[in-house]
Structures are given as C-alpha cells and as structure tokens.
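A short worksheet on the structure shown next.
The letters A, B and C name the chains in turn, as written, and every chain counts its residues from 1.
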Amino acid sequence: MTDTVIEIRNFNAYYGEKIAVKDANLKIQKNKITAIMGPSGCGKSTLLRSINRINDLIPEFKVQGEILFHDKNIYDPDVDVYTLRRRIGMVFQKPTPFPMSIFENIAYGLKLIGVTDKKELKERVRNALEMAALWDEVKDDLEKSALKLSGGQQQRLCIARTIAIEPEVILFDEPTSALDPVATQKIEALIEELAEKFTIVIVTHNIGQASRISDYVVFMYRGEIIEQNETSKLLTNPQNEITQQFLSGKIG
Amino acid sequence: MKKVDKSRIAENRKTRLALRILTYIISSLIVALFLLAFVPGLKYWSWEFFTQFPKERMTDGGIFPAILGSILLTVTSLAIAIPLGVLLGIVLSEYNLTYIKFAVTILSGIPSVVYGLFGLGLFCITMNMRTSILAGALTLSLMVLPVISSSVYEVMQAIPRELREAAYALGARKSEVIFEMLVPSVRNTILTVSFVNAGRVIGETAPLILTAAVFYATQLPKSLLSPVMTMPTHIYFLTAAYGSSARWMAEGTASVLILFIILVYSIAFMFRREKK
Amino acid sequence: MAISSVTAIAALFGIYYYLVKESLPAIRSVGAELFLSDQWYPVWEPGEYGMRALIINSLIVTVLGTLLVVPVAYFIAIYLHGFATKKEKAIVRRLIEYLSGIPSVIIAFVFLTYLSPIFPAIGIYSPQNLLLALIGLFFLTIPISTVLILESLDSVPRELEEASAALGALPLMTYMKVTTKAALQGVMNAIVLTANRIVGETIVVLLLGGGAAMVPTKLTDPFKTLTAAIASEMPEAAKFSIHYSALFFAGLVLVIFSTVFELTSVMLLRRSRR
C-alpha cells in the first residue's frame, strides 16, 4: 500500500493580489516520482516552491489552505521553516553552484546540520557525489572551483549537495530545461535511481520527460489542477478536454 | 514525528534585531550630525548675513563674498568639466581605449590636495595665474573630470547590446548612433552625475586653499584672475585662524553651505528617479 | 573627441611629471633623510625635512580608519540587503547618500565644536587627536563604504541565495557565507576605495588631528599626516624653497599610495568581470 508523505489541501497561493495557484488538492506518495506538468505560467513552479516554503523569501507572497507534511501543516506559525527545508530539499532550474570548491559546496549543507568531524565530512561528501553519479568525474580534484564544471556536472553537484543532508523529499524545478540532451538524459536516469531512497516531486513542461520517469502526473493549467492520475493512465487516456489539448500540443 | 525547533526562528529574529539596532543607531547619529551642522547657524540668517562683507574681524557682517565666490567657482569648474567629462566618458565607452580608461581610473583616486599642489605649481606659478578663480576652476575641473567620465562610461556600457546593434543594423553611422540614440537614452544619468559632482565641488576646500581662495577679500572679484572667498574655505579659515569669536560666522556659513548642497543633491536624485 | 582623451593622458603624466620635477630639489639636497628621519622642522634654520613620521601617520590613520569603518558598513549593508523592509532600505540609503554630500570641512567643524572640548574636560591633554580624527573619518567614509558593499551584495543572483536557503540555512549564514563570497571582489573593492579615501583626506585630519608631526603612541595623541602638512604649510612656504619642494615630495608619496590603491581596485574588478 502506498503511503502519503505530503498532502496539499485546498491550497491557494498569491503574489500580492494576483492568484497563482487556485484550490489545489494533491497527495504525494512515498518513494514515487510525481510530476507536475503544464504550460508556462500555469502555477506549477509556485506550487512546488510552496512545499519547502522557499516562496517565503518573496515579499508579497501569501497562502491560504494547508500543506501537510506527515500530517502537520507546514504553514503553522510554530513550524521551524529551516528544519523543514532540511527535510524537503530542492534542486533549481538553473544550476547554482556556490562560488567555492566542489568539496566545500557539499560540505556547506553538512556543516549546517552540525557535521564537524573531518572524516565524516569526507565520507558523506564522497557518498553524495557517488549517488549523484559525479564522483568518478571529480574525485581527482575536489578542491577545484565548482564554477569550472560543465552545466550538467554543476546540476549533478547541486543534486549531490541536496542529497548529502539526507532529506526525505526532493523537489526538482525543471532541472533539465537549461541542459543539453545528453546531460538531460543522465539526470533523468539519476532521478529514477534516487526514487529508491527519496520521495520525488518534479516540475516539468516536457511531456516526454514526465512520461519517461514519473509514476504519477499532475496536470495544471492556469493555476488549477485539471487532472491527476498514474502516469500511464493519464497519458494514454486523459479524462479532461484541456489535458487532451495539452497532450496533443494544441496548448502550451 | 517532526521535531519542532523554535530556537532557529528565534535566532533569526535576534539577528535581525541586532542588525536593526546597529543600523538605527548609526542612522540616528548621522541625523544628529546633520542637525548639529545645520540648525545652530540658522539663527544668524538675515538679510545682512547674505549681502554684506565680513566686518570687525569676523564678529559682524555677512558672507556675501563667500557665497558669490562659491557660485562663481562652481559654475566655472563645471562649465569646463561636464562637457569634457561627458565626452571623455562617451569616447572611452564607444572606442576601445583601455590605457586611457586606466589612466582615468588612476586619476579619479588622486587626493584632492594633490590636485591642489599641481594646480598651484602649474596654474598659479608657472602659468602665472596666481591665486585666482581661473586657477581654482581649472584645478577643480581637472579633479572632477575623471569621476564624471567614469560614471558616464559605466552607464554607456550598461546600455544593452541589442540597442546598439539595432541602430547599426539600420545603417546609421557611428557618430549618429552615439549622439542621436545612445546619449539621449542616458540623459538623466548625465544630469544626475553633473549635479552630484556640483555638490562635491561646492564643498571642496583643500585644493582651493592652495589655488584660489583667500582668507579675506576686500572687494568682489573683478575678473577670473582675481582671488575669491568660498564658503568651505571660509569655514576652514575661521576655524583654523580664529577662535570662538568667529564661531557664529562659521556656523552660519555651514548652514548656508548645507542648504546649497541639499538642494543640489535633491535635484540630482530627482533626475535619477526619472530614469525608466 | 581626441581632445578629451589627450587631456586625460596628459593630466596623468603631467601630474606625475610635475610632482617629480618639483620634488627634485628636496630629493637632491635632503636625500634619503626624507624617508628615514622623523624630524620634521621645515621652518627652522637650517630646516630638517624628515617625513617618516608623516608617512607613517598617513598609513596609521588609513589602516585604523578602514578597520573601523568597514565592519560597520558591512553589517549595515547586510541588514539593508536581506533584513530591512523596502521602505527602511530606501530611507536609510537616501540618508547615507545625503551624508556623502556633506563637505569634510563641515564634518570637521561639527566634531571640533562639540566633541573636541570633551577631551580636556576629562583630563586628556590634547583636544585634537587620533581618536577624534578617526571619529570624523568614520562619518566621512561610512557612506561610500556602505553603498559600495550594498551594491555588491545586491548584484548577486537571487538563485544563489535561494539555493542556500533551500538547504535550511538561516539568512545571516546565507548572506555571510554565500552572498559575500559571491560578491567578494566587490566587497574588497569597497575596502580598497575606502582606504584610498582616507589616505587622501585632508581637512578632517587637519582640523581634528592636531598639529604634531610625530607618530602617536596612543589614541589620544595628536598627529599630522602628509595631507595635513601640505594643506597647512604650503601657503606659508617660500616659493621654490626646500620646504616647498619637500611638500611636493609629500604629494608624490600620496600619489604613489593612491595609484597603488586604484591599481588594486582595477585588478579586483577585472577578475569579477569573468
């Protein structure tokens, strides 16, 4: 039986007066890959970024409704948002390596959670890089600046940085849209592997990507969730007309 | 199941509070500085103060010659520095002249008193201008020219490449592109920069002590080759040479000077806000 | 077009050339004593022209002044960058920008009038001293320091800060460890330009520092810098005398300092442009 890790209930999100997400209801299942798909501007990124509350950094952002993480509403006033973000990690669209060495990039998160022992740091950095399929390419020079890596490598570094602190959930916000096809394929393969240990939510505007790697897919349009189902079912037999139009390329 | 850890939220709140206190303390001190500089002199403002010469060894009279001198010197310096500085900034930006750009940067860092030395040696002595408005204006414009041109250079560089490419693609010549399209688009910045530097020039003291200013002028300047009094140098001389008997005049002068500068800077900010 | 370029190059070489030319008499007749001696008695018969104390004082006030201003400016910039509300940021910034317009002579005058008398009142011998000058310099340079640092921090792409936040970092940690590192060249440039401003400052150190051409041993000692010497003594110095020439030499030393600072600044900015 599947179990729900995150439940989004009657969730609305606003930038000032403008509504970006309307009445969203959604359950994310453990160790599965859930894709949120839709044309540009449909609110999928906003919804994703609400799950780790990274939108809090934007001044006019407001929410209504609930997002439950293990049955606790993350928007409750007594929730420590910093701990929340360690348990729900995020990888962004544009690779964002810190201006430090490869080692320091990954150690950054580890030091944040209190790891100070040098041996443990080295070990966990190595594990993270191995899990992100980057270890072999960088192991000879971990002190090199992360900015010198290629785009695909930088993105895998960001993934390694996120998984090093061992979150439960990883959110991916269009992680391959800035990368070439070869790098994209490597990352898609990586994400599929990661699903064994983590719960994955990925935002994409690419139908092919959703069909390749996701177990569940959620289709959004203009701020609303139009349809959601197991990927195979939704893609072969969409129930809603707008979904059909999107899948056949008429919109988006 | 999830650990609720309030201490981190509290820590962030404490950090914000501490930094806020620091900022507010420094800001209050700055406001206090403004008030102490501006308010005590206000009571000396009067018709006589603005229109008369200093009298009775600075215990009476007004600062008219200093106000006039400041205005003359500022206008003259800027009349030279702004056109040349803007031109230089444009040239540096549109033609790739790295070495000159380099020279300009170094020039902009040279201390004002060294410009005074140079002006004294070259203009006052060698070119025999003696202590005069002309020597002072040339010195100040030389001092301010690199700064103006650097600012203009920066803003010209910031114009998106597409705009230039579009203009050239329409077949315009280089000079047309520059003067009919690029420069007007940065008109507001040029005005802002001009007014900010005007503010700087009005307040300059050290170079003028060496090249243009005298402690006491018995008459108004007859030509560009006459010496002048200026407000900042007047404050300096009063403070350095006279004791508390002249303090009232220094305070009054300071208030007038601040008023001028606040006006000029406010105009500069106004132009800055107008930018699209 | 050519006129302005020629003016610039001519100016730079002209200044160097002129300073060297006018310093030569002093260099020739006083020689290395200019650097090595502390005895600065240019109006005696015969005069003594040891500038070492003046040079050291210029450096001391620069180092101390920079150490005093930059940390404060940095934390104010951090507050404005990441913690302040939009309104706070705009108001404080505008206030600081107006402050940058206040002439050094007025800042010196205010502190001389209100702060200087306190020293004799609490038993300190010299009403003008290093401490008073440092306070004046603090308010003089806090604007450029803060604004330059703030602009560097603000220019860091937001995604970098979001990535740090997404790992659970607290805002201060993000700003100090990630944003500052990303803006490092800009911050260092701010430090260098602040130092340059201090070394070149004349009126504040002249009116607030006292007149002694000696190296201060404690904060409450009076002192004199190269800039103060030039401004206060040049009007009295006989034209083309050794004193006159020695002061030009002081100017030359100052130009060398500021050239070094500006070159450093150019190097820093060049690296960040990659």
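One rule holds in what follows: a contact is a pair of C-beta atoms (placed from the backbone, for glycine too) under 8 Å apart; a residue touches a chain by one contact, two chains touch by 3 or more.
Here's who's who by UniProt: A = Phosphate ABC transporter ATP-binding protein.
A quick note: this is a predicted structure, and the numbers were derived from the prediction, not measured.
Among all the other chains, which ones are in touch with both chain A and chain B?
Looking at chain B and chain A together, the chains touching each of them are C.
Of the pairs B-C and A-C, which shows more C-beta pairs in contact?
Output for the comparison: B-C.
Mind checking the centre-to-centre distance between chain A and chain B? Centres are C-alpha means, answer in whole Å.
Spacing between the chain centres: roughly 52 Å.
Find the geometric centre of each of chain B and chain C from their Cα atoms only, then give the gap between the two centres in Å, rounded to an integer.
17
Roughly how far is chain A from chain C, centre to centre by C-alpha average, rounded to an integer in Å?
One centre to the other, that is 49 Å.
Give me the residue numbers in chain B that touch at least two other chains, ranges are fine.
8, 12
Multi-chain contacts only, two chains or more: what residues does chain C have there?
Residues 170 of chain C each touch two or more of the other chains.
Would you give the residues of chain A that are in contact with at least 2 other chains, written as numbers and ranges?
82-83
Help me check something: in the complex, which residues belonging to chain C touch chain A?
For this pair, the touching residues of chain C are 86, 157, 159-170, 173, 177-178, 181-182, 184.
Touching chain C in the complex: which residues of chain A?
52, 54, 57, 59, 82-86, 89-90, 92, 94, 96, 98-100, 108-109, 112-113, 158, 161-162, 165
For the complex, which residues does chain B have touching chain A?
Contacts found on chain B: 1-6, 8-9, 12.
Taking the complex as given, what residues does chain A use to touch chain B?
Those in contact with chain B are residues 69-72, 78-83, 87.
Can you tell me which positions in chain C touch chain B when the two form their complex?
Chain C reaches chain B through residues 1, 3-5, 7-9, 11-12, 14-15, 18-19, 22, 72, 75-76, 78-80, 83-84, 88, 92, 94-99, 101-110, 112-114, 139, 142, 170-172, 193, 196, 199-203, 206-207, 227, 230-232, 234-235, 239, 247-248, 251, 254-255, 258-259, 261-263, 265-266.
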